[in-house]
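What follows are several structures.
Two complexes, one shared chain (subunit A), two partners (subunit B, subunit C).
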Partner chain A sequence: MILQLTVAVPVLVAALLATAGRWLPRLAVDVAAVLAVAAVAALAALTLTRAPHHAQVSWLGGWGPATDVGIPLVADPFAAGLALITALLTLAALLFSWRFFTEIQAIFHTLMLLFLAAMVAYVYTGDLFDAFVFFELMSVVAFALTGYRSEEPSTVHGALNFGIIQSIGAYLTLAGIALVYARTGQLGLATAGRALAGTGGGHGDALVTAAFVLICTGYLVKASAVPFHFWLADAHAVAPTPVCVLFSGIMVPLGVYGIARTYWATFAGLVPLRAIAVLGAAAALLGAVMCVLQHHIKRLLAYSTISHVGLLLVGVAAHGPGALAGTAYYLAGHAGVKGALFLAAGALLNRHETVDEHELRGRGRGMPVTGATFLLGALGLAGLPPSGLFAGHAVTEHAAEELGWWWFTPLAVVASALTAGAVLRVWLGVFRGTPAEEDPARDGRDHGGQDHREGGHEDPETRPTLRTLPWTMVTPGLALLIAALLAGLIPGGPVGAAAAMFTDRDGYAGLVLDGRVPHPHSTPADPWTASGVAGFLVTVLLAALIAVYAVRRRASERTGGEGVLARAAAAAAGRLHALHSGHIGDYAAWLTAGVAVLALLTARF
Partner chain B sequence: MRARARTLLFAAGAAGAAALFTAGALDLPHFGGAVHPYGDRAVHQALRESTTNTISSVNFDQRAFDTIGEELILMASAIGAVVLLRVVGKEAEDQGAAHRHGPAEVSDALRIVGYLLLPVTLLIGVYIIAHGAQSPGGGFQGGVILGTAVHLLYLAGDYPALQRLRPIPVFESTEALAAGVFVAMALAAAGAVPALNGAVGVEVGCALVLLIGKFFEQALLVREPPGGTS
Partner chain C sequence: MSHLPYLAAGWIVIAGLYGVVTSRDLIHAVVCLSVTQSGTYVLLLAIGYRYGATAPVFSDRPPHGRPVTDPVVQAMTLTDIVVGATVTALLLALAVQVAKRRGTIDPDELRSLES
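Right, the complex of A and B next:
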């Protein structure tokens, strides 16, 4: 019953707010929404404590495995942990927006609650088609939230791109589910997995490959792997900042979860995961480079999400409990750090009505907490011990080395250093720099490309602009940041055990169908390795170099000096910007090409 | 990207995706076979629960949780439409343009047919919902009929009457309320097919009225240039 309640509470409160929102006072709406989310967090925490020992499975409507129809909700420790993270991020976002959006009834709160419910249901469901339904619900709510401030054309543009690309991906996922269903006559992850393993022999045939590729396409669009990633920056740039917290913190990583869950519960051993590794690694690199090239802070953070979620994908593709345990640490740490950074960006937007790095230069001096968030956030992205990202790097790296993936460590270091360096640069410029009287750099820097239409004045999300930041806008970010920076201290034993449970297909089937909690052999995850700490030191050094170089270069650009190398770099940057054109046709063409690449890399010839 | 490059990229990708899908589809079970594993189980279970309409049994009993998700998608879409289309009203106010809806030039035949069909269609909608558990039909289908029935008034050319019959706020609230009732019922007592049918019917009907209403508002808005004579 707990699992049903975890989904039902936010839905019912959302329905209540949508029904009566126009007559309720604002305070009542806020309190009801926050209480509902807190209740979800409590339920998820309870589930998390019980999951390792007692089977947290409930078949809806009393249909059991004996009838062979019906939908199970299943919470293994990772699923419960994800539900908890989702609820905590939503709580932070709602508290932050306590003074936000006074204009339209209780619609914002309704949508946020529906979003939470959709993500929790998606995480808990043990059924392929049901996962698709809640995946779609998640998307539809996300489109509406992205377009929330629809007065501005760029908002509509971003939301439309998001909507179209996500929908194409989702249809392909549905086509893949249909293939599995046609072959097996099953929709449950566990039952379909058993049936596929029974028919396919040791390896999957063309149908299994096609089904896996198609299902993954929708999830990879959500997880913004290259070349499915284009929508993400457009959507993040225009979505309200509390919504970005949920997008980057959990919605995008849930795409990774979808792939991991579908693979281990249903396709384990039938298809190779190298395609996921390749596309994830590409996202890690491209996202990091694009991140450095941005000066719209929300866009910059969005590209860093692409990069870090790319690393998550590589961790899943490393195909083992060790790497998955590292990925879990990484996801938790990333969710907190990125949430805090977006909230800090929201605070800047509120005070200065812009999130353009150049316009903000030196104007953050009166905001010590926000400044500290950016500094610590940058260090967190670089993997400051004992943050979740540090533990994630160390554990995944160890597993990747055992696999012979020598390239993982350099990839992770470069991606983290570039993204951390970009955030550090923002901190140096906005919070330590001196304000420029008039900004000559701004007009002279056009490399072409769309991010420039984003620059300049934006309507503040809060109205009227607040004199000082209220505690409701400061505390949530701080809490998220602190939680993320301590996430590496989560004991490695349970995390390792949870990862072993997650990667055990028969164990999962036993859990769902027989209610037995599997206890496969597991090794505890151990983040505290010498190479892990060394990795952080190298990363943070590189990040500092990148940030200082960027600031210096900007200064020298202002005086007009520019070498051949700089010009070549600028040309390359221009190319990259042009690639991210904002043209929906381009994005769709890249998506189809991505499907083909995925198929080529997955197929066995 | 240039249009040509885009087309080439798309063609290459689409060819690859098509090859993948074709290869997969060739491994499907043959068309028209006698084995329908899920269908057999679903029918068996529906009959065991004495729901004669198997589709309703699947929708509101065996896979009621999917239906909850779909209900919520509809609710979220309706709310999303309210959010995204609210700009239209603002535009009109901001520009000081007249906000009125154009007169309808409808032939009398159409007008009469519209008025005659309205009650009949409403009745059919209710019937389809109410009999969903026994015969073909159900909340979704009936709800759509109900939602569109109201808009026969538009065909009949009586937009003011339609607006009176269709106070948007009431439909917004009722829609959300019905969705809440449905979720509560589906989780607490899945299997109460007729009642669930009813809740879905109300929800779908209201959501449809809401969506069509919002789109009408946008489509029928006549922008008169300020100071124009017409």
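Right, the complex of A and C next:
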């Protein structure tokens, strides 16, 4: 009953607000939405405490496993934890938007609640087709939220790109689900998994491989693996800032969850995961490089999300309970840090009506809390102990070493250092720099003439009528940041046990179909390794070097000195920018190529 | 059951994708997306089809009559159509907004969002 309520409460309140919202005062709408989200958080927390000991499974409409067509909602500890993170991020975003938006209709709250419901339902569902439906619901609400300020040209353009690419991916996922049904006659993750394990004889044949590749395509588009990632920055740059918190913090990582869940519940052992590792590693690198090249802060944070979610994908592809436990830490830490950073960017947008790093130069001096958020956020992205990212990095690294993946540590260090360096550079420039007001014309010349203005003045989704930042705009970000920085202290025992439960296909089938909580043998995750701490120190040193170099170089650009190397780097950067063209045809072509690469790497010849 | 329906489904999906890639008009791109989705309808229905079977309506069916086609895939197709209608409506609305704000719906003339 709890699981149904977790999904039903936000849907019902959303319906109520959609119908009655226009007559209700703003305060009533805000309070109703916040209370509904708080209720979801409480229910998810309750589920999380019960999931390790009592089976949290409910078969909808009383159609139990014996009927063969029932649809279950299942909450194992990881699923409940993700639902809790989703609810907490939504709570933070709603509290922040309370004073952030000067004018907002109840339809915004309706969409946020539906978004929450769709994400929670997607996490809990134990059925392949339902997963597709909730995935699409989540996507459609996300398109609508992205295009919320529909009077802005770039907003609708970004939302349209997002919508078309995401939908192509989702339809390919549906085709894959249809293939699973064709083979097994089952749609439940557990029942289909049992049927596939019974027929395959250890290896999946061509049809199973095709089904896995197609299902993964949609989830990889959501998880923004290279080359499926193009929509992400376009959508994040234009979506309202509180919505970005949910996009980066949880919606994109849910794509990773989808792959992990589908693999371990249904396809475990039948297909290799190396394709996921390759595309994830590519995303980690390309996202980090693109992140450094941005000066639009929201876009910068969006590319950092691509990079970090790429690391999550590699963690899942490392294919074992140890790496998965690390990935869970990493996801929790990333959600909090990225949420806090986006809210801080929102605070800058509120005060100065722009999120362009150059225009903001030195103008953040009066905002100590926001500045501290950027500094701590940068350190968090670099893996400051005991943050979730630190624990995740250390645990995953240990598991990767056991697999012989020597490249994981350098990859993670470089990706984290580049993204943390970019955020650190923003902090140095905006909160420690001196305002460059003496020459307003210079900005335009430095950064590609007339195009520059595009990223500059945002139409006010918010207006700076507030004398100081109210507590509703400061507290949510701080709370998220503190939670993320302490997430590494979550005891390793339960996390390790949850990961072992997640990666046990027979255990999952037993949980869903027989209501037995599996207790597979597990090793507790141990984040406090010497190499983990050393990794953080190297990362933060590199990040500081990158940030200081970038600030210096910007200063030397002003005096006009440029060498051959700098010109070559600028040309390469120009090519990368041109690649992210905003052209929907290009994006669809890349997606098709990505499916081909995925299939080639997954197939056994 | 022959392979033809599966080939047709794959062909429709690829034709739709080709349309999106080469599109010179956002409305056309959205419609091509619907074409891609139609491929999944064909695929689903092909999976549940049986030669000689009748429609899965059980109210007036004699106890040992002809076999029926699989109702599960038909339910999935219906759900898929509903999802598709929602997506198409929303994307068309966004395309109309693009036309209003940018004055063009040719993807080649829309400027990059990368600053």
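What we mean here is this: the second predicted complex is superposed on the first by the 580 of 605 C-alpha atoms of A that agree within 3 Å, B and C clash if a C-alpha of one lies under 4 Å from a C-alpha of the other, contacts with A are read in each partner's own complex, and residues count from 1 in each chain.
The criterion applied here is as follows: a residue touches a chain if its C-beta (ideal position, glycine included) is under 8 Å from a C-beta of that chain, and two chains touch if they have at least 3 such contacts.
This structure is a prediction, so every number in the text was calculated from the model and none was measured.
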item: When both partners are placed on the shared chain, which of subunit B and subunit C touches more of subunit A; value: B
item: Which superposed partner A:582 touches (first subunit B, second subunit C, both, neither); value: second
item: First (subunit B), second (subunit C), both or neither touched by A:129; value: both
item: Touching partner for A:171 - first (subunit B), second (subunit C), both, neither; value: second
item: Partner chain(s) touched by A:69 [first = subunit B, second = subunit C, both, neither]; value: both
item: Partner chain in contact with A:528 - subunit B first, subunit C second, else both or neither; value: neither
item: Touched partner set for A:187, first subunit B, second subunit C, both or neither; value: both
item: Partner chain in contact with A:295 - subunit B first, subunit C second, else both or neither; value: second
item: Contacts of A:16 with subunit B and subunit C, given as first, second, both or neither; value: first
item: Touching partner for A:234 - first (subunit B), second (subunit C), both, neither; value: second
item: Shared subunit A contacts, counted only where both subunit B and subunit C touch the same residue; value: 69, 129, 133, 136, 140, 143-144, 147, 150-151, 156, 159, 175, 181-182, 187, 578, 581, 583, 585, 588-589, 592
item: Complex interface listing, subunit A residues touching subunit C; value: 69, 129, 133, 136, 139-140, 143-144, 147, 150-154, 156-161, 163-164, 167-168, 171-172, 174-175, 178, 181-182, 187, 233-234, 237-238, 294-296, 299, 356, 447, 451-452, 454-455, 577-578, 580-585, 588-589, 592
item: Subunit B partner contacts - residues on subunit A that touch it in the complex; value: 4, 7-8, 11-12, 14-20, 22, 60-63, 67-71, 73, 104, 107, 110-111, 114, 117-118, 121, 125, 129-130, 133-134, 136-137, 140-141, 143-144, 147-148, 150-151, 156, 159, 175, 179, 181-187, 205-207, 209-211, 213-214, 578-579, 581, 583, 585-586, 588-597, 599-600, 603
item: Complex contact set, residues of subunit C against subunit A; value: 9, 13, 17, 20-23, 26, 29-30, 33, 36-37, 39-40, 43-44, 47, 72-73, 76, 79-80, 83, 86-87, 90-91, 94-95, 97-98, 101-102, 107-108, 110-115
item: Interfacial residue positions of subunit B with respect to subunit A in the complex; value: 1, 6-7, 9-10, 12-17, 19-21, 23-29, 35-38, 41-42, 45, 58, 61-66, 68-70, 72-73, 75-77, 79-80, 82-84, 86-87, 90, 169, 172-177, 179-180, 183-184, 186-187, 190-191
